[in-house]
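What follows is a set of structures to go through.
Shared between the two complexes below is subunit A, which has subunit B as its partner in the first and subunit C in the second.
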Partner chain A sequence: MPVDPVLLLLDATAQALTLLLVASGLAVTFGLVGVINLAHGELLMAGAYTALALDRAGLGFWAGLALAPLFVGLLGLLLDLLVVRRLRERPLDTLLATWAAALVIRQTVVALFGPASHTIQPPIEGSVLVLGAPYPAYRLLVMALALLVTGLLTWLLFATRVGLMIRGTVADRTLAAASGLAVRRLDAAAFAFGAALAGLAGAATAPLLSIDPQMGLGYLLPAFLAVLVAPAGGPVGTAVGAALVGGGESLVSAFASPVVAQLAVLGGAAVLLRRVAGRRAGRER
Partner chain B sequence: MSREPLLPALVFWLVLALLPLWAPGWLLGQLAQHLGYGLLAMSLAYLWGQGGLLSFCQALFFGAGAYAYALAGLGRLPLLPESPALGLLLAVAVPTALAALAGLLLVTARVPTGPAWAVLTLVLGVIGERLAVASPFLGGSNGLAGLPPLALPLPGGPLELVDPLPSFLALLLVAGAVQLALARKIAAPSGSLLRAVREDPLRAAHLGIDPVAVRLRAFMLAAAVAGLGGGLFAAQFGFVAPPLLGLGLSTEVLVWVAVGGRGSPLAALVGALLVKTAEGLLGEWLGAGWPLALGLLLLLVVLLFPQGVFGGLLARLARP
Partner chain C sequence: MPTTRRRALAGALATTVLATRTPATARPARAQGPAVKVGAVLEFSGGLELFGQQAKLGLDLAAAEINAAGGILGRPVELLYEDNKTDPKTAVEKASRLIARDEVLAICGPITSSARDAMAPTMARGRTPLLYATNYEGGACGRYIFCFNTVPNQELAKLVPYLARTKGARFYCFGADYVWPQRMFQHARKLVEGLGGTILGEELAPFGVKEFAPVIRRIEASGAQVLLFALPGADGITFIRQAEDLGLLKKLTVGFLGFSEAYLGAFGPGRGQDMYVAVPFVAAAEATGPKEFVARIRARAGRDAVVSHYVMTHWLALTALARALEKVGRIDREAVVEGLEGLTVEAPTGPVTIGAKDHHVTLAMFLAKTQGDQLVTVEALGPQAPEAGCA
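== the complex of A and B ==
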């Protein structure tokens, strides 16, 4: 099968940027707040289902894209209040509790929408010529959104007062608290913000995927791998991680079956992760 | 917990052993299957409670044991005869070997027990499930059916473990032996080494303990126990399919162990029996609501009873 190199490159970029959008919320909750939220995939799913519900209600896709971050952000706030903040001193239990929360969210969705899968039509049809190759316009929009979100995150973290406060809390929690920062409130805000980003990403990617109750894990693992293999923290590091995982999967799947590609990328990222985790642990000592 | 109290364990096994005196056959058959799951629960309690290694893919080894039994029992393995007994042997050997391989990826001194470990176990679980579904050799998503039962070579001719009573008694013996062996292992010096590595791998290494070797051994032992459970389960159930090694079952085990008590294999086993029995009673009534109830149960137990319901009780009994 002849493969058009331009299309191949475009597909890889699209997948990497979509993954970047999906992983950006995780980069906040895991990278900054340090909470390993295994329900993150289900938060993304909640965003996708919000878009689906509003689309069905006749409000159109854009309303869903606007409201999903709000709704999922509130869900994140609730999750922080009820679960995450109570387990701050027990990281292993946070894993377990967020995994339980994932199950609860997933089964609630099954109860509300049924176990079958759904689709949403992309809000903008047609394609645009990119370097001579026609490419779906909506995908380009998602790619632009990913870049926009990464840019905004970078600005928020490194150029605003709130960002300074968050970075201060990450660097030294005790000192930040002693300096009068409301660290718990910052945690909650950052966690809810990460959840809101998940909602946005879920809604934005909803027209590209089939929406079903099991989709959370399909989001969670690549996103976590992208954040974990990132050579550095922060939005730019996440971008590199997303490029490695998402772009890698796309490139491999051009030459092999999708199952093989997924397995190859999962395995490859796992090996890479071992090295990165080792290096990080070495640095912390 | 550093020591499993012996008395509650003996009382528990005695009560179970006396059960056939009044319990109906269907209950015994069900309990026999649940004891197979109980072996899986004990393996996770050992790995997680003692080793601090919270695995999200423990069912992978249970399923690997079940598939190994199925393949040997059906005579699908090249060069090997068609033999259920060999299948049971492989049900322990194959998961142990798999754990050694997976351990190369998972168990290093530097990948700590935090996020990377958890995500890697999830990745392993997904890979295992997809491979089983995609492999025609393993029967794909339909799995393998028509497995032969285990047979005990008795003087009066072989006794096939088909009826509920012999199945129950066989599972009771195996699960009891494994529980007592794990209790001994936990109380032994090697159990202390595992807990030392759990508490502080760096300090343990400084004291001359090799954290990688200690964790790898625990990982392999847990896989062997889970695989034994899987093999025995397959022998009774007569059927294996990808859900036996998937993330769904791996999550269920987490619930059993968290509810029972992660610190003690006995408590975890009781948790498995109770939750599975509750599923039998309530599952039909709740229907699709059962997984939701499981999720809520896990959430509540983690928040309110971090030692599990029986773990705390046993720990109190263990105190002198």
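== the complex of A and C ==
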């Protein structure tokens, strides 16, 4: 009995959109601010644990979903204050320092919540019929949230004054500073905002998987790949990247083993990255 | 030196004192002399701390019990813990230091096969026994290695026929992409095919996959009645979570290889029910042995302490070491090896015998399943001998 193709497409869409949600924070911190933040996965994990803690405290899932971005945004601000802004001119050291921050966050969570896995129940149970195929309602909600976040991010960057300032700083830092923009404060704000998005993604995906201190690791690679293979910066580019990486992996693993799927995605990404690098080099010449 | 009357008297007195002192040293809690140092290289950070902590519960209890009973040949046992950070290289460094600097008698641990394989040459070179107490794929053999937990045949020999008989003979295998699941599935294939059943598919997943929907669809479409599942840790919980959400668990029965009490509570109330496993220890057992063992652990570690078979096997490793030295009557590294070979130790679940040649254990096994928020015994399987895979 073959698998219903509608389900395959839904699964691929779900994986692509979940990855979009997970990568959107990275698209801001890495894509815009240019910080290689290896603690991105741990920020997601912090979001998931925020949801877990509030769920356990009896406040329910929605409180967690609302508060996770705030809490993780503050964590991002702290990370910027202590680590990122001090290493702004040394990207390779940032890589090491954020990796260290990731270790600190991970072991702090082990100390607070223990090393074991936890799960939380989805706030909405049951399935909805999509094109005649039953699909878990909560997954559909996460997909909708990913689209909503991407829409809001696009609006924020391209239709607001803050977005204009951020884009200005990205385009030419010196000129932006000379024009009187508080570039450092903008950096910090953008980094914290990226962290807040990670927190939101962590809380939103929490009911779908195991919540544990190591969960951030599995997110890091696909999220970076999605941002790297994005044909253009900004939320829409990230969406294309996430579709290629997440959707691609899902579709390949519908027909081959997950190992083959991951290899195929890595191989595909390597080819794409070479082409992107080539294109950039060509443009600079 | 001529024997004067005074000297003779002094000698006689000394003898009397010694004679009355001797039983005193064997009296509980009076272990004397330099401590017998035993190392423990375990995963206390870096990913597998859950299992490192389980191992420590068992080792701590064993050490306390040995010392309360007068130590090993009158000397107290002292455990030197080292964190290998879930990293083979660190495990080797810590083992070398314990052997050379601390001159430990033996080392307990680690949890992962990669750390164990990395440590094995160091242990052999240092002529120091490694007491490994985690279930694994088999094949770790040598004079200086002893294994106190199960190998694939012990977990599968009764589990697979039971599932085939009660749930159906169409199997699907899904696990993590490393040696333990591969060996488990090799062994399971032999068993399933020997029973006239079929394996409809066998798949392995890399570490850290977050989305299992495509695999879940394929397993469902295969029409399998039993899923043999060997994806340990958090990835396994993610899979079960999604399999439940996508309706797979209603269509088949899961044989969750490597499951233990350490997973309980991760799925949420009413979730992850009726998953089967064969284990050497069930904490919720009704028998007095396991019940008392759990009570002893919880008296030390708290009422809510999780007690899995890892606690029992690590307790077993250190307890066996003490019995081995008492049997030989000497305390040195070679005495550990000599004493352990062929030794039978009374465990909470009954007698455990260490193979004189293969250094693996024959021990009682239990078919168990998840029910409510517990792992409950379905059937006591009796003692199972290991197929250790030693050439």
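Quick note on the criterion: the second predicted complex is superposed on the first by the 275 of 285 C-alpha atoms of A that agree within 3 Å, B and C clash if a C-alpha of one lies under 4 Å from a C-alpha of the other, contacts with A are read in each partner's own complex, and residues count from 1 in each chain.
Basically, contacts are C-beta pairs under 8 Å (C-beta built on N, C-alpha and C of every residue); 3 or more make two chains touch, one makes a residue touch a chain.
These numbers come from a predicted model, not from an experiment.
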{"item": "Side-by-side fit of subunit B and subunit C on subunit A, or clash", "value": "clash"}
{"item": "First, second, both or neither for A:L38, with subunit B first and subunit C second", "value": "first"}
{"item": "Subunit B versus subunit C as contact partner of A:F224, first or second or both or neither", "value": "first"}
{"item": "Which of subunit B and subunit C A:R184 touches, first, second, both or neither", "value": "neither"}
{"item": "Touched partner set for A:L87, first subunit B, second subunit C, both or neither", "value": "first"}
{"item": "Touching partner for A:V259 - first (subunit B), second (subunit C), both, neither", "value": "both"}
{"item": "First, second, both or neither for A:R56, with subunit B first and subunit C second", "value": "neither"}
{"item": "Touching partner for A:D11 - first (subunit B), second (subunit C), both, neither", "value": "second"}
{"item": "Which superposed partner A:W99 touches (first subunit B, second subunit C, both, neither)", "value": "first"}
{"item": "Where subunit A meets both subunit C and subunit B, residue numbers", "value": "107, 110, 115, 217, 221, 259, 262"}
{"item": "Of subunit B, residues touching subunit A in the complex", "value": "52, 54, 56, 105, 108, 110-116, 118-120, 122-124, 126-127, 130-131, 134, 247, 251, 254-255, 258, 288-289, 291-292, 294-296, 298-299, 302-303, 306"}
{"item": "Residue ranges of subunit A in contact with subunit C within the complex", "value": "1-3, 7-8, 11, 14-15, 18, 107, 110, 114-122, 134, 136, 138-139, 205, 208-210, 212-215, 217-219, 221-222, 246, 249-251, 253-254, 257-259, 261-262"}
{"item": "Residues on subunit C engaged by subunit A in the complex (per definition of touch)", "value": "45, 47-50, 53, 177, 203-215, 217-218, 220-221, 223, 233-238, 241-242, 245-247, 262-263, 265-268, 271, 306"}
{"item": "Residue ranges of subunit A touching subunit B (in the complex, touch as defined)", "value": "30, 36, 38, 83, 86-87, 90-93, 95-97, 99-104, 106-108, 110-111, 115, 217, 220-221, 224-225, 228, 259, 262-263, 266-267, 269-271, 273-274, 277-278, 281-282"}
